[in-house]
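First chain written, first letter: the chains are A, B, C, D, E and F, and each begins at residue 1.
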Amino acid sequence: MFKHIKELQYNAKPTKPDPVYAKKLQEILGGQFGEITVMMQYLFQGWNCRGEQKYRDMLLDIGTEEIAHVEMLATMIAQLLDGAPAKEQDAIVDQNPAVEAVLGGMNPQHVIVSGLGAKASDSVGYPWTSRYTIASGNLLADFRANLNAESQGRLQAVRLYESTTDPGVRDMLSFLIARDTMHQNQFMAAIEELEQNQKPIVPSTFPQELEKQEVSYSFMNFSEGEESAQGRWATGQSMDKQANFEYIANPEAMGQVPNLNQAPAYIHDTPI
Amino acid sequence: MFKHIKELQYNAKPTKPDPVYAKKLQEILGGQFGEITVMMQYLFQGWNCRGEQKYRDMLLDIGTEEIAHVEMLATMIAQLLDGAPAKEQDAIVDQNPAVEAVLGGMNPQHVIVSGLGAKASDSVGYPWTSRYTIASGNLLADFRANLNAESQGRLQAVRLYESTTDPGVRDMLSFLIARDTMHQNQFMAAIEELEQNQKPIVPSTFPQELEKQEVSYSFMNFSEGEESAQGRWATGQSMDKQANFEYIANPEAMGQVPNLNQAPAYIHDTPI
Amino acid sequence: MFKHIKELQYNAKPTKPDPVYAKKLQEILGGQFGEITVMMQYLFQGWNCRGEQKYRDMLLDIGTEEIAHVEMLATMIAQLLDGAPAKEQDAIVDQNPAVEAVLGGMNPQHVIVSGLGAKASDSVGYPWTSRYTIASGNLLADFRANLNAESQGRLQAVRLYESTTDPGVRDMLSFLIARDTMHQNQFMAAIEELEQNQKPIVPSTFPQELEKQEVSYSFMNFSEGEESAQGRWATGQSMDKQANFEYIANPEAMGQVPNLNQAPAYIHDTPI
Amino acid sequence: MFKHIKELQYNAKPTKPDPVYAKKLQEILGGQFGEITVMMQYLFQGWNCRGEQKYRDMLLDIGTEEIAHVEMLATMIAQLLDGAPAKEQDAIVDQNPAVEAVLGGMNPQHVIVSGLGAKASDSVGYPWTSRYTIASGNLLADFRANLNAESQGRLQAVRLYESTTDPGVRDMLSFLIARDTMHQNQFMAAIEELEQNQKPIVPSTFPQELEKQEVSYSFMNFSEGEESAQGRWATGQSMDKQANFEYIANPEAMGQVPNLNQAPAYIHDTPI
Amino acid sequence: MFKHIKELQYNAKPTKPDPVYAKKLQEILGGQFGEITVMMQYLFQGWNCRGEQKYRDMLLDIGTEEIAHVEMLATMIAQLLDGAPAKEQDAIVDQNPAVEAVLGGMNPQHVIVSGLGAKASDSVGYPWTSRYTIASGNLLADFRANLNAESQGRLQAVRLYESTTDPGVRDMLSFLIARDTMHQNQFMAAIEELEQNQKPIVPSTFPQELEKQEVSYSFMNFSEGEESAQGRWATGQSMDKQANFEYIANPEAMGQVPNLNQAPAYIHDTPI
Amino acid sequence: MFKHIKELQYNAKPTKPDPVYAKKLQEILGGQFGEITVMMQYLFQGWNCRGEQKYRDMLLDIGTEEIAHVEMLATMIAQLLDGAPAKEQDAIVDQNPAVEAVLGGMNPQHVIVSGLGAKASDSVGYPWTSRYTIASGNLLADFRANLNAESQGRLQAVRLYESTTDPGVRDMLSFLIARDTMHQNQFMAAIEELEQNQKPIVPSTFPQELEKQEVSYSFMNFSEGEESAQGRWATGQSMDKQANFEYIANPEAMGQVPNLNQAPAYIHDTPI
């Protein structure tokens, strides 16, 4: 169960309206790595958690924090939209391409659909979809997903920081960027802990003798040129410490030439 | 540019048809972490790569291999569908619930739409979408995405291995599982290399003094109960070695109570 | 079965082309509450109707009218696109930011994909999807959906009316807005009729003693602060006249602390 | 900002696992009118609210409650999945069509993707999308959306109640159904309040003389047969008390025959 | 403008209910090549038509007919759902796997969401999307799209004919299949007419000297093995009669090795 | 299995950056008829092919070529994005509407999400979806789909050629347009071959006496006005040479007036 506190977790006040920037900021609200994604991802990982209680609790802590980030961004976007021009400016616009440029650069749904409110969409107006959410039941796999989400999320927040000079917007972003620093650290710590308790290859419980071990440590060079031989992945001990990497300069096909049966008549595929 | 070789990378031959299993196997062909996702992800990361050539080359190597995995799965699914019952069996079905169960458990599009061929969809028939693809231009972020993809992918392949006893299907899966072992190792190696050259927090190039450093290393306990204090993320040195983790048992709101302006008249929001 | 009449239901003639406005107008053609939605919604409600014939007939009347509204908007958009600049204007554009602003503000698919024709998409280019359509088989529920659709639809049409000064466009919108006035009235009338014949809570046929009646009339204050106590929903007789509203200032949890079983081994969740 | 309480708002404990029912129950978690929809809808309406504080507070109260309903359903589904058969049962299945039927009737992603956890999808596996969310900035419009959502939602919960005999599942549903009773009452009350303060046609602020008033109160009979003349919408005073309804048995076209200009050459439409 | 006639274009009466078949039949109602697709496709092609009036009229004729096909299928599906089992059959099901198989094979939304009505979705429950609709403004291109749609559509209807023995369903399908025969003929005729008036390569108005004519008639053998040399496309006069086909057994790369610039600092891509 | 060659199939080098054009060019990379669609379509048709080997080989040849086209476009787009303005230009922008227009006309995800790389999306940012892919198992049907795809694709490439004056971009497009000329020719040749071996109506294997032959050759005039009588489809021998076309000026309904049964009580539809 949840309770709501009236104050925002941190300030979300722009210095002045900027409806074109509002469109861009939607990316970290409703995009693939926006706050809605991490909110839903951590909450579902927590609710589905069949592992130790400390993981469940940690996931619900951070999932609950992310709802507050969604709230901050929605509040910021509504205020950035305060100055949206929308009315009978035809005559003016004809002489003022700057206003027309603002109108052209806005998300039209911010006027027509949400009436100057935030949308749960990304920066091109594409709606948030739960297919972004990752919750597999295997925490090592999922913490890797989370570390990625916090990396992509901080990268996007930094790019948005670079795209504005508004001190209020930058102040809010500096908070979200700092929390992403913590959250990257947090999932790196959780990953280290799990990798020490189990093996680092997910899932660690599948007996490795059941996999085709001849190809478990081979780097295959399918793209002409051998620059890829220079990486750590091509030589030396494997990261799981089970073998050494091997570089296969010319990988060979090991399988059959496919030859499908004709379909039964009631399928009406091409007659032969 | 690409060339196609007639043989499959590895065998993809079921021992007998199993159209219900064909539906399930679609998950690792066209699902969020199916082979189409990793194929597109690595190819786009390679094509967009503005970093060192060895990374571009490595990404195109593995991206090209993944096209071969898509091919293997498509071939396997077509053969699993060979026995799909579809015709005038009404009378029989009435006495034979097992046949009806097969019909009910199949993906109907395997008969109606693709004529016993594989679809680029997942195990519930949802189409593959490029929103699954991650290519940010920042390789450390993206390699974390790739490590996650290979972790989720191997986990799903293992669950599918457990869901069949067909030796031919298991043989093919044992190959894909082994390659995922390599690919997890490979991206762990690439991540280690990049983390040693830059700082581990993505993006490493954003000046940390611009973020709100008061909250960069604080774990905030937003969910009643303190089991989360027991994790590595709550105490000790942070993973980026810049500070110590701090556990905030009762996080306080630091922001304003939001208070939005009334909308201009031409928006026709609720009148006050 | 349907017949088509060559004339439009009402005039749809802009005074001059305006390709940026064409993009915006797509919202009420192919958006969540555009004419395609109401067309499909009323037709499917009519075709699926298992209630009295007068409801089926009424729904098919209005559904058929909505096809004519789709036609009017498609015709209007095609004409607004007449002036779309698209060719070899590079040199000119460099000196003329106004033209560039028009190009930037257009939906590029209006040139590249539809060749100056309307699309069945919304104002950000997102395609119409049948998940917008509501047809539950319960007419009281569905008439509430329809009243909402006509409310959102008229609101959007009004906002678009405010966003142009073109007399031809405004003339067409004044017709659609008037019809939405009628359609809101119409569904309010139909709702009143059904609420008088059955109870107002949907579905009226579920025995109320089977629901957890302790919480059937309680307003729960989950958000700090008690401004919500001032509304009609917090005190007085309930709208269904079965009880009085009750305001719970501090709602308590009534359920268990969740504790999930470990997953079976073949699922390969996190090992404990 | 939000806080999480460990206990569920109400019990969510099935008497026994039932993975086929788990698939169905997803509808009211991640479907068009599932708990995620109302959670997001009320929270965004609250965060975007530019009206009186009591409405903002009320919306955040109920939005926060809905997060708890999402949590209850996720918890219930995870437990219903406890008994999912998934391993090496081939031999058994051949003699046991009932087990095969269970396997066929399950959502395969509950095993392969989420490892026996709930998904943020509906009962056919379609992901939740934010295009379901309605927040227009006009509260009368939005409260009608909310009344519809609670009507559709209670209807679906009742149908799911009828589809199981498990006392634990029914107990949880009886709670959710009761809350939907309250929430229908609540939004009916809020609508009545707003309709008394403004006019009932949304938006009430658009000057009615600007609409094409000749057709503002006419029911148009576009579908052969006049059963629709028998409804309240065809005769008597209009619901907004501004006029009387009029029944037009044979509506005439009032618009032009469309005649589009040829496209410019650089569009390469069909040459004439 | 449109008018509705009460009778269906042709009978749509099943001999007995069959809810599993109802799920399958959704494919040709709401799938990629279902009746909604062709209805929308022909109507939008007609409304956007800037070519000769006879094409516009023809497209609106057939588009209007397709609305009637949508109506027939919706009506058929509602009747096939009449027998859907949904209530308190737990005890019975335990002994009766056939009933469980029916329940498992149904689309659960047919009960929970639409209350035994048709949905605008396909056979796996995926919603119809307007991205299926093709209307480019170039009629030769679009008539090829239409010929394809009628080919895929008739193929699917035939496969569904083979999947049932119900005489009522087969009677309706025999009508739709016959209309698809006509519609294939119709678009073949329209294509022949246009190809005789313009050149057969779409768009015919682009000056061919502006294309890279060295590769305009070359078949390139990118897949190992030369079986493809045996086709009509590899030798002889080209279909547009402008040249002869040429078979390139070993196609060579003609382009650069890509080498992208480093990104500017404010993008925060990987540092080099 | 596949191999990658470092050189592009043809040059992809713009003369200067143009981030607004980069947004438009996405249409033929990730749109409905972009290179990803044809790549996936031909590869899946090849992998699913149960017909003659020469067709499978031909499809894999062209499918493999299309991967190279995806690569060329991705490379071109990354270079067009080189000049994207994104940083601290607020002060400048205020005086320079041209820069603001560029910013407004760009796809914001090209900066925020992909860091100046191509996306697998279309020109409005909508992600590529596999629902675009057509592979039915019936090659005559599918070759018609392919001829359409190459027609729509060449039309879009030509429109994009007209929208730029950059010689480097035009050079690349002149190559893709030439290949589309070949590919239209190629599928016309393949269609001719198949139509000569089977009958031209798809599927050719369904016994025509099972369809409702009374309506197999009738053009039905559902739209007022008889301009449609002037087309080749209205008179003369049918294209399949089985009959003569017939023009029905006033098509009559041949079906029942629908009358659905009331739903069972447990569905809770509208009570009567």
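Following the convention adopted for this analysis, contacts are C-beta pairs under 8 Å (C-beta built on N, C-alpha and C of every residue); 3 or more make two chains touch, one makes a residue touch a chain.
From a predicted model like this one, the values you see are computed outputs, not experimental measurements.
Colleague: Compare the two sides of the subunit D and subunit E interface and say whether they are made mostly of the same residue numbers, over half shared, or of different ones.
Modeller: different
Colleague: Could you compare the number of C-beta pairs in contact for A-E with that for A-B and name the larger?
Modeller: Pair with more contacting C-beta pairs, A-E versus A-B: A-B.
Colleague: If you average the Cα atoms of subunit B and of subunit F to get two centres, how far apart are those centres in Å?
Modeller: So the centre of subunit B lies 27 Å away from the centre of subunit F.
Colleague: If a residue has to touch 2 or more other chains to count, which residues of subunit F qualify?
Modeller: Residue numbers touching two or more other chains: 1-9, 32, 47-48, 50, 55, 60-61, 64, 68, 75, 78, 86-88, 97, 101, 104-105, 111, 113, 115-116, 121, 124-127, 129, 131, 136-138, 140, 155, 158-159, 162, 203, 206, 222-223, 225, 253, 255, 258, 260-261, 263, 266-269.
Colleague: What kind of graph do the touching chains make: line, ring, star, complete, other?
Modeller: Complete.
Colleague: Please name which positions on subunit A make contact with subunit F in the complex.
Modeller: Listed in rising order, the residues of subunit A that touch subunit F are 20, 23-24, 27-28, 31-32, 97-98, 101-102, 104-106, 122-126, 155-156, 159-160, 162-166, 222-225, 253, 255, 258, 260-263, 265, 267-272.
Colleague: Within their complex, state which residues of subunit C touch subunit E.
Modeller: Residues 1-5, 7-9, 30, 36, 40, 43-44, 47-48, 50, 60-61, 63-64, 67-68, 70-71, 74-75, 78, 113-121, 127-131, 133, 135-138.
Colleague: Mind listing the subunit F positions that touch subunit E in their complex?
Modeller: Where subunit F meets subunit E, its residues are 5-13, 32, 53-58, 60-62, 64-65, 68, 72, 75, 78-79, 82, 86-88, 111, 115-116, 126, 129, 131-132, 134, 136, 138, 140-141, 144-145, 147-148, 151-152, 154-155, 158, 161, 171, 174-175, 177-179, 181-182, 184-190, 192-193, 200-203, 206, 208, 210-223, 225-228, 230-233, 238-240, 245, 251, 253-258, 260-261, 263-264, 266-269.
Colleague: Any idea which subunit A residues touch subunit C in the complex?
Modeller: It is residues 1-6, 47-52, 55, 86-88, 90-91, 97, 100-101, 103-105, 107-109, 111-113, 115, 121, 124-127, 136-140, 194, 198, 203-206 of subunit A that touch subunit C.
Colleague: Taking the touch rule as given, give the residues of subunit E at its contact with subunit A in the complex, in rising order.
Modeller: Residues of subunit E touching subunit A: 155, 158-159, 162, 266-268.
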